[in-house]
Amino acid sequence: MTLYFLNFVLLIIGLYALVVKRHIVKKILGVAIMEYAVNLFLILLGFRKSGIAPILTEDMDLATFIHTAVDPLPQALVLTSIVIGLGTLALMVAMAIRLYERYGTFDMDEINRLRG
Amino acid sequence: MKKEKQSGMTFIVKTITNLIIGFMLVFGAYIVLYGHITPGGGFPGGVMIALAYILVTLAYGRRVVESMISGVTGSIADDIGALVILILGFIGLYIGGTFLFNFLPKGTPFKLFSAGYIIIYNLAIMLKVGMSLYIVFLALAILQRVVTTRDETKEDKK
Amino acid sequence: MNTLLPLFTAIPICSAVLILIIGKFDKKNFPRIWSLLTSLSLLFILVVVWDKGTIIHEMGGWKPPFGVVLVKDNLSRMMLLIVNVVAFLTIIYSYVYIVKFEDYLRFFTLFLFMLAGMNGVVLTGDLFNLFVFLEIASIASYALVGYGVDAEELEASFKYLILGALASVFILFGIGMIYSITGSVNMADVARFIVENNLGGNNALLMATGLFIVGFGLKAGLVPFHAWLPDAHSSAPAPISVMLSGVLIKVLGIYSLIRIFYSVIGITPVVSYIFITMGVISMLVGAFMGFGQDDMKRMFAFSSISQMGYIAVGIGIGTPLAIIGALFHLLNHAGFKSLLFLSSGAIQTSTGTRNLSELGGLRKKMPVTSATSVIGALSIAGVPPFNGFWSKLIIILAAFSAGYFWLGAILVFTAFLTLAYYLRFQKNVIFGEPTSLLKNVREAPFMMVMPMVVFAVFCLLIGIFNGWIISNIIIPAQGIITNQLGYISSVLGI
């Protein structure tokens, strides 16, 4: 339970950086922190203390396998979500550089030609 | 001074890069080829191979690495990786009736040539991921250069 | 027959990759013609699978709930129709429009990725797969909004990107929550677990509900979460505005909300009230903000928020009649809002401006564009022979028959507001005297006018043959939505 709570705190830190900070790079870091908090949450769902790898071989008993193996599905999900996060992050960084090129600043309060 | 900056980092960094670059590529290839029996696979292996090229970019500068793999070549290799995955899917659709059906013989577990098409699949993912990451880094490096040169001209005007 | 389902996502991705390779050597014609052929082939496949009932495709031969399944039922069928028809006409429109950007390659590649993502979202029967396809469509749309790389476009794109990433995080968190309770990410299996164990008031499920409402609400642009929508819609190139407003916010937002809350989690009174409240606020805020806009595309964007509010209210009321109204309005909105955004693109290309104060008297200079945009404006304002009238009428009747009298009154009031600001648009742009700037304006090229005429004819025909459309397309889709157990048994085969 403590782990889940700390995980939630990490998510809130990311949200704080995203909402409160004005610097574009800090906002991007906030998004990255939130993504990692969610990935960590998914990994925690499949975590089991001193668990074994989820490969069922012929010499293994099914009942003990079920009670000791970790859940493989969240790991697969997290791998996919990390790849997606990487794509989003690359796009965000490229766009931040382009924005700096156009506006000459990283401050989100000065990038306000549109009214929202 | 400026010319030296263009051609990369110091002698120490270049030597270390020369020493470890081969190991990085070999380890990446190992991770890809044994992805179906040990932890790893196309994505981590591809990232390692991309990191090897990114290391060369950092140590020697963009020119050197572009003479090894240019942006266009990397982009085409990247597309071919994606195309191979799709073709595997279509072959599965044709043979087994479902998309991405595993149509190759499965073999015995824990041997190199087992698990059907997973090994081809991992190689295609390696091509896709490795080249995409490399191109993303290259593109960001080009953008970065534009920004810094703009800043320098601004300061000159002042 | 079920081997055709993966082609809806595989063909656009395959074409996008081919365009990236071959387009390096033939930069101009290949991307345009090839993407047109791709979209046409998707329409052809849709015609083949149209009448075949519920089709299940198990990816890789893995049975549900273990593998990813693609499900084509009557609701997916309707959404596929909207997505692919709008995409086809938009690609025809882009054939000439895109000339001014001089980069055909990446535009059509990203466009096809967005199309593949949306087809995937509509077809998938797996929560995590829905997230993946949603991200494919979203990332392509972030890049397309900032396609012109001018300062305003990049700013809009960055705002959209930040809020979209936030929405994705929330959706993934919600999926994790669902997985933690049910141990499955297959939609039908999750629904079966929730129904069998009667988990209606479970705390983790409530949290997942909240996360999904925020996440998909952000994607749909409903009011507390609408900040990105006017900027993104008005800054994007006109074909992309059409895709964003005509299909993207519906597929990623409204369709996902319908599928998750009606078919998977099960709708509860609290969620209904949240939908109705968000819908009412969206309607009013969108309509009032629409009045104050001078920029034509911003006005259309706020009107999109307002019309999304109608659909959300219809879903929230939840009676079969209300859902029929909501789905019919969704179909109609895809038609007339695409028409209006295409018209705004044509007007901008011909006159060089899209400010209402600088335009006027286009009736004589651009007769076809004027006629189509008048039809679009009358349709969205709910004038009787056109399609918008019937869907709004059904939603209002459903509100009254379900006992929500104040809600019915607000719906009628908003319909009049919509009529008022679209009359302002007509007065300032189509009628009146041309300003001195517009002396040499000529009609837009044929390839841009043709899709607009087709959309206008759709608006008129759907309005006239509304009974046929409702009984053949809308009511089967409504039957899927209100029958949760039917969805579970048809996917899992029990």
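A, B and C are the chain letters, set down in written order, and residue numbers restart from 1 in every chain.
Just so we're on the same page, contacts are C-beta pairs under 8 Å (C-beta built on N, C-alpha and C of every residue); 3 or more make two chains touch, one makes a residue touch a chain.
In this text, all values refer to a predicted model and were calculated from it rather than measured experimentally.
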| item | value |
| --- | --- |
| A-B against A-C, pair bridged by the larger set of C-beta contacts | A-C |
| Chain of greatest Cα-centre distance to chain B | C |
| Chain B and chain C: spacing of chain centres that average the CA atoms, whole Å | 36 |
| Separation of mean Cα positions, chain B and chain A [Å, integer] | 22 |
| Rounded Å distance, chain A centre to chain C centre (Cα mean) | 28 |
| Sequence positions of chain B contacting 2 or more other chains | none |
| Overlap residues in chain C, where contacts from two or more other chains coincide | none |
| Residues of chain A engaged with two or more neighbouring chains | 98 |
| Chain B contact footprint on chain C (complex, rising order) | 3, 6, 10, 13-14, 17-18, 20-21, 24, 57-61 |
| Complex contact set, residues of chain A against chain C | 11, 14-15, 18, 24, 27, 31, 34-35, 38, 41-42, 45, 73-74, 77, 80-81, 84, 87-88, 91-92, 95-96, 98-99, 102-103, 111-116 |
| Residue ranges of chain A in contact with chain B within the complex | 57, 79, 83, 86, 90, 93-94, 97-98, 100-101 |
| Residue ranges of chain C touching chain A (in the complex, touch as defined) | 128, 131-132, 135, 139, 142-143, 146, 149-152, 154-159, 161-162, 165-166, 168-169, 172-173, 176, 179-180, 185, 227, 230-231, 234-235 |
| Chain A-touching residues of chain B, taken from the complex the two chains share | 43, 109, 129, 133, 136, 139-140, 143-144, 146-147, 150 |
